[in-house]
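In the two complexes that follow, chain A is the common piece, with chain B as its partner first and chain C second.
Then we have the complex of A and B:
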């Protein structure tokens, strides 16, 4: 490692956090209807991760278990001395009485882990109860919310799902989208569900509106798993392959716009051996729809507007790959620098790098930086001669964009307090929505040529 | 126990002030017991998530001038600060006409191995990195649950690094497990800045300190102080080091509330003799009159104060009359922080609203003033006839608030601010209005405007009514049927 690289990965002194701690993994449970996390952690732990993953990430809150009613032992000094396992057991028992719930995920944070409270024993003591209780240890000193996400899914697979079952023809599980963390998760999953249905599959998605424990139970019976991310959930689909012999198709991102959406559809068609003519018709229609809407806005974005051509991006690996592909392959932009700020495990860095440079662009001389320090991009880009005319990033980067006199467009967690609703940039129509939101920012930013 | 600036950390509210997070009864009973020193805290048998002092301390410290904060914690313990970066930093910067920049909070990123081998080397490294990146005039090191439990002596590193770098480095022992009251984080901030940047002075100037979250709404009250011949000094988010340094020259201080402001005001009083006014807040009409009369007497400006009061009273008399007429017979449910809960209880009474119940998130039976004046709620219990108003203290436990709300008479409107009382009351079909926690609540103007806001709220309840009809409760019948109003142990008052 060069000195500079060493400096970027010095594993302390990170600022402007764009991830929550492992405890943020509870948001994966909260995205599954009627799955209730019960916490053995400090009183403020949920708020810390919830703020970055939900509230300041599209103005999201959990539903039906809106955050303030999540049971928690509110670990305190006395628990350090006397241990908190018994109090945790009582809070879980009360939760069963007070909440309509299908599954309880008992989790703990740093403090309970350090003092050695045994939450496995606590969870197992509820064996045979009406509501099943599983557990996941989520101390923040072990990893970020993506580690927590993985821990929660593994707990569900290991402790809740039964052994191998009969496969259901055409059923496909969808992975790689981390709920809440990806602010557009709900809209994106609705879009993916529709695409898979259009292609003749029975999509099985466990997160979001009307998705709950029944969908979770169906995970083992899928014919195959669809993974849409550069590295996230790769451990999950591999685990499912091992436990249930379910093969998976790994497409390295959630596609936006015609180029990548078409690639995904063709990849699925090849993997599942779909009728070629049907698929190409579907693609033609989707691409036509995209270009119809784009064509209806072309005049106004080319009327005396000083359009930018370059950008830098600061974000999660998933957001970076999806956005860079669309910006380059469809919108014709030139990347200057890309910062991945989610602590990608070293063994996955190569995959992310490959995904990010797989572009329809001759000169791929832009730099990719892996760092956990959210303050690094500003520290470096403010010194660059050509830092990019557009900054794609999180709400932390608005100030940087202002200081660079660049246009800011939010694409990664935490995207800010603006409400997300059902927005998604997935697919052909998602590409239109990205195009619309992005150029609206540019036009409202007053980039006139006079 | 009082403010003690000689120790690295400060005493928590529970021990220093006898503060509590669990109570159910009446304002009269609670404040009386509080004054007599026999108010006992009650523990809960069931709890939900809340907040921690660490979260608050970081948010306050990071808004001090050009300070860089070192969070000696796992990386997630500062993740939530993206919210305060917006509220206390970017928004306040805009208010005071500054360009603004992001919070500078660096985490030492304590990992599992550090919990075994210690993280002080990382702490040193992070402090150096912070200095190299920003060259700030001051740094604050904030400790966390993890660094405390593994027994790190962070303060020794603070002293060592202060010598190495030659700039003031403050220390805030703000681990979330230390206090049940998240507002203790405001004390940690106050203690740290008081020890780091407050400055001795022999001079007195005609300055009044205001300690609060932000200077929002300052123009209005500044005008009154100007008429008395005083300038205000704002020790709020985005205050400069000079503002803190100037604070010791002031003749008096007051705060936005007891929870946030008491410790810093108390420190100024104890160390520099700056009078701390805390028995009355200038909120609403009654509060405005009592506060300014108390201040006027201290400053020898009684006549000017009487004139201001007369003017303000007259200016809003007609509108107030109209509002009272329109709100006649309406009843409210209040859920707010320790001070504002009871300020709004009095304000509701001033508007002619009935108060069904007031939830305070915690209660301080006394504050950090060195004199023996009572806290505002205790004064109000007597002077404003709030003795018999039903109240509870509940650590912002929304399950409890909900239970209390549903078991008592249904209110026409709920008054709250944050901590999600509003969304929960709206879900069950009850309109909610937001209270202010700033100088925007000062005087008759605010009283009338708040009343008018409620009048408008009640004119169209379609949103909440229809929301309420579509509410699907996440709770079981067993919970819905609970008769007890709270989860306090040994305090199961049932509703008849």
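Then we have the complex of A and C:
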């Protein structure tokens, strides 16, 4: 393995945007039912933050507050000169009056931060009002949407949640999945909820259908937190551990397919001391389900096509770990190059690297590159002798795959404008769906290089 | 009467000495064939096999601007729907118009079986001609009309007067032969009988040019070009990349190349007779037509295994070159290409060394491939040919010398393969497409013997094959885990027996 310097590559500029602006953090708020972000930003900021995360990422939009109705101060020249705090206060007040909402998250963007509007003061001035108001600063120059996501969650924990409470037996909070950013978040959370219920827990998930302020309020009472990501939300569960003494189980990705799902279930069973026999029965049934369904497709994928063996991947850390594990451990593929393009903080790089190389593969000679330049992978892979016969990535990489005469399969943000619905690749059945979607691509005139 | 004058082609079982059940080893394989003991073998248990009609359709569907009429009950030929997409991509890759293949069925019913299906066949032929205006109509004669005795030859002959298209018929009832390779003969027989192989005066050339005493140049030019033109015969298992590679090598010998008969058309086929030499890329496919072309037009032919593996390619190319007196040139080309190939293969070869490989597929191709893999340092632990006939004798003589101890079997049967896998525990299996699902279920990695989308022949083919082999030798998680979760339908008792224990004397 080469050293860190070499593996963090930066060009003078970045192309092919694969993350959103910090303001994209509002999508975390929008994923919680009836939580309304109110923006103190330029008029176009909301639109910009949403394109990569929502519209181009599985054709998503927020609900019930579809993007165009999100209140905004539409920061203008006068505000730059005189300050916009007062106008922001008015917009929040009218939002409270006209919108059905349980919680308002007041956020600002670059301009407000630069001119120095104090949104903390604005939010605090609403203390005692019918609808609680919290604030989060989300200027794009401070980070990407993952920074925004973290800021919003921290705002909720610090400003909205009360002090320590009684624990509720068997309650588990689920973290690590960034709504909208992970296009399959809704389906994945439904799957995780079902899994935890099957194992006898009371899962508490704050995003998605029917998940709202009540679920948020229940966060402190959880017996433990489940974190399913290589690094994201690690700060959140640590914060919860500090504030509410809630322990957490860190499993480094959202598992797809039998091998990794089984590992997760066993990890949970060990952490929560579940009945071994019950858990093993559950695992046997799940694995049997996966293998039953894929067995019924094998003839098709083995009739007269040259199945590829190698792949390269370009994507977020979470998508990369989940996909590489499934491709290698279950589908028997071999990775050639993996690019993590979400600007992973340096202190977490080691964790991501360990997660990625933790594979059931003899020869782990593939290269891992951290970069925030989305155009770098294409530039490098086009020069590679063996760039991989399959390119897993975002919609940007479709063109690259065509140039490489490789098969393309979308796994990371932005996955493209095609609608996502409640699709998910989580778990045993998610593994079947991945298998089906992936091999369908190969069969439908998928290209294979020589 | 020559076999080529018969109305229906002979099946391979009658034309050649042929066998589809055998198990032995490299050293006594050819002896057993020569002495005839091999041809007495049969199996007392069979699993479903393929039908010669499917291969006939595979070839006919590629001919441009043609319509296929299946003279059959409606179920025969459902494979056309999957064939059509393959043919489309094959046409696209060769730069042809990918007008999808048109096929019709005479939809034989009870009353046709009782009263004969000739009337509905006539109607279908006229409809096809009027509706689609094809260049060639292929009537495919299946089991049912052959049993009830429909005289398709007579129908085709009389209808050819009523329609604009050329019409011919492929006689390929499945019950006639267990050896699907018969289909190649049936298809070529259909071309021989009813398709023109000579250029048409005033369409393809101007006869006055040759008659003009003041223009000798035209004739000299024509003779020169014909004298260095080679016909190459392809098949579905030879993909466009393979063709391109072989054409590249022949062009390097300064030869013109014409490719027949897949992805050809009526207009192109008129030039089949306009060549100095016919060249086969695989014995199994085309000895029937090559012998015909020699008999009819006096064009010599070369059948020399397949251009697979360095030794195989050299032998194949030199044998062609020697016909034109260009051996030295061919040797030089091979030297140069081998040097390039060796350099390219360097990084992959260590992964292959000593790996145990089992091969299965078409009779000539598996043998050539086995020799190639041995040349590369792999340990060939078994070869399964889909059939054997005396056309492949020379190839198997060489194989017997190089790999005398390797078990050789003649088998298409899955139950035997699965058993052999469990017994021999190979590192990798090289197999004909269609068996890989079962190999994975048994817990082993495998790679296609041939297939679309990647070159397999020539130097580029060897590079691509070795590279993929090296990739496939890594990470067997898929098949390993699959085999643990899946129940094979055979009982333990079967795995206790010898894989080829059902092969018995007596046909």
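The working rule: the second predicted complex is superposed on the first by the 433 of 450 C-alpha atoms of A that agree within 3 Å, B and C clash if a C-alpha of one lies under 4 Å from a C-alpha of the other, contacts with A are read in each partner's own complex, and residues count from 1 in each chain.
What we mean here is this: contacts are C-beta pairs under 8 Å (C-beta built on N, C-alpha and C of every residue); 3 or more make two chains touch, one makes a residue touch a chain.
Keep in mind it's a predicted model, so treat the numbers as computed, not measured.
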**Item:** When chain B and chain C are modelled together on chain A, clash or fit
**Value:** fit
**Prompt:** Looking at the overlay, does A:287 come into contact with chain B only (first), chain C only (second), both, or neither?
**Reply:** second
**Request:** Identify the partner contact of A:328: answer first if only chain B is touched, second if only chain C is, both if each is, neither if none is.
**Result:** second
**Message:** Could you work out the angle between chain B and chain C as seen from chain A, using CA centres and rounding to the nearest 10 degrees?
**Reply:** 90
**Message:** Let me test your reading of the model: by the given contact rule, A:99 touches which partner, first (chain B), second (chain C), both or neither?
**Reply:** first
**Prompt:** Between chain B (first) and chain C (second), which, if any, makes contact with A:111: first, second, both or neither?
**Reply:** first
**Item:** First, second, both or neither for A:437, with chain B first and chain C second
**Value:** neither
**Fill in**
Of chain B and chain C, the partner touching more residues of chain A is B
**Message:** One more residue to check, A:379. First (chain B), second (chain C), both or neither?
**Reply:** first
**Fill in**
For chain B relative to chain C post-fit, closest CA-CA distance rounded to the angstrom comes to 17
**Message:** Shared contact residues on chain A, chain B side and chain C side combined as an intersection?
**Reply:** none
**Prompt:** Once bound in the complex, which stretches of chain A touch chain C?
**Reply:** 258-259, 287-288, 290-291, 294-295, 298-299, 301-307, 309-310, 328-334, 360-363, 386, 445, 447-448, 450
**Message:** List the residues on chain C that touch chain A in their complex, please.
**Reply:** 86, 89, 241, 433-437, 440-441, 445, 448, 451-455, 460, 463-464, 467-468, 471-472, 474-482, 485-486
**Item:** Partner chain B, residues of chain A touching it in the complex
**Value:** 10-17, 19-24, 39, 42-52, 55-56, 61, 64-77, 79-80, 90-91, 94, 97-100, 110-111, 114-115, 139-142, 144-145, 372, 375, 378-379, 395-396, 399, 414, 417
**Complete:** chain B contacts chain A in the complex at 45-55, 74-83, 85-86, 90, 100-112, 114-115, 122, 125-126, 129-130, 133, 145-146, 149-150, 176-178, 180, 182, 395-396, 398-399, 419-420, 423-424, 472-476, 478-479
